[in-house]
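Per-chain residue numbering starts at 1, and chain names A, B, C and D are given in the order in which the chains are listed.
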Amino acid sequence: MVIVEIIDRPIDPFPSDDGRLEQGSELIFNGRVRSKENGQEIKELEYEQYEGMAESELKRIAIETANIYPISDLFCKHRVGTVAVGETSLHVVIWSKHRNEGLEAITFFISELKKRVPIWKWAILKDGTKIPSECRYH
Amino acid sequence: MVIVEIIDRPIDPFPSDDGRLEQGSELIFNGRVRSKENGQEIKELEYEQYEGMAESELKRIAIETANIYPISDLFCKHRVGTVAVGETSLHVVIWSKHRNEGLEAITFFISELKKRVPIWKWAILKDGTKIPSECRYH
Amino acid sequence: MIKVKLKCFSQVKYALGTGEVILEIEIGATTTELEEMVRDRADGRLDGVGLSVAINQQYVKGDVVLHDGDEVVLIPPVQGG
Amino acid sequence: MIKVKLKCFSQVKYALGTGEVILEIEIGATTTELEEMVRDRADGRLDGVGLSVAINQQYVKGDVVLHDGDEVVLIPPVQGG
């Protein structure tokens, strides 16, 4: 099963589950905001999404991943809006029979997400300035 | 930092942490008991350890992993004794700046653990029989 | 002439100073022409920024003819995760 | 003669029917000789089971001379995780 959500509040992780009979591997990734963005100290990040397409593209990648790798479930939450340093912006859970396919699947999924999902970071600097991350002409 | 523990009760996961400034990647693996062991339906598993060496070897591998890969922290709990189907027997958390080094480190760590840490599985079958996992002459 | 809705994100939004603009373009105009128009407006501020294109919430490749009422996004390098 | 403590786990425990046994061996006896002795006792039940060796809680490689009081484990394929 595939679940993807884009949400604008702190991420509540998907619940753990001791009741599964066949999935020997539960793999969880939390991507968190670091205090520096392109070498600059930030106050927080603001994630901007292309509403609609961000979620549909995320879902498409999740389904692709589940088709390529023999996993049971892929759950994902991506946060948008303002995210404080240290907080989770991306939460991914993959359940599979064995760990190897889970590790390969999570690697592929996040890598594709970072290539294709129309979400962008705006750095909020210490002085309050807001600029697109990696913007060169600031 | 490296923390490893071998414990004989249900695993309490290491707490999550929204207060880190530099680690953008938190990777968590829960290895769980499946209902079949070598094709046989089981009631539960019993993990047997070589007390002392199991923990020291686990620690050695954790330190090796942290020396090879640029990660910040590796935390691990391995359960011994009776573990019900669905429950976690191995819990690993790796904090790193970026996810790639975390994924590589967790892959290496678990793979070495499975080669070297003197812990063994006994299958408790539905009828109560207890045999070493993969024992051929039962 | 036809009208398309250009939605702007990240560096495109920053360069144009707007999140959304309705553009009048010639019948038969393509995504490549739209991108040129937008780069002109940005006046150098999008130099070196690669742009993918989505029409009506789907990525498209190559040079695609636009239609009246299309929602178009010139997508700068994405940064999710 | 010297005495070593053989601790038994998994298939070795199952084959020998004991978790621990004190063995009297010749002075200068090695891990290879101990392994042969154990395989004899197991009477075929350890055939095909590879055994690593640990002395005093450390893996050792090759043929190592045992000393009085050593704790020895013949380690069948481990199954942690």
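Throughout what follows, contacts are C-beta pairs under 8 Å (C-beta built on N, C-alpha and C of every residue); 3 or more make two chains touch, one makes a residue touch a chain.
Just so you know, these numbers come straight off a predicted model, no measurement behind them.
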Exercise. How many links in the shortest chain of touching chains run from chain A to chain D?
Worked result: 2
Seminar exercise, completed: Rounded to the nearest Å, the gap between Cα centres of chain A and chain C is 26
Exercise. Counting in whole Å, what is the centre-to-centre distance of chain B and chain C, each centre being its mean C-alpha position?
Worked result: 50
Exercise. Taking each chain's centre as the mean of its CA atoms, how far is chain C from chain D in angstrom?
Worked result: 72
Exercise. Listing for chain A: what residues touch at least two other chains?
Worked result: 31, 110
Exercise. So which stretches of chain C touch two or more other chains?
Worked result: none
Exercise. Quick one: which chain pairs are touching?
Worked result: A-B, A-C, B-D
Exercise. Can you name the residues of chain A that touch chain C in the complex?
Worked result: 31, 47-48, 50, 52-54, 56-57, 78, 89-90, 110, 113-122, 131-137
Exercise. In their shared complex, at which residues does chain A touch chain B?
Worked result: 13, 16-36, 84-88, 97, 99, 103, 106-107, 110
For this session: Can you check the complex and tell me which residues of chain C touch chain A?
Result: 7, 9-11, 13-14, 44-45, 48-49, 54, 57-59, 73, 75-81
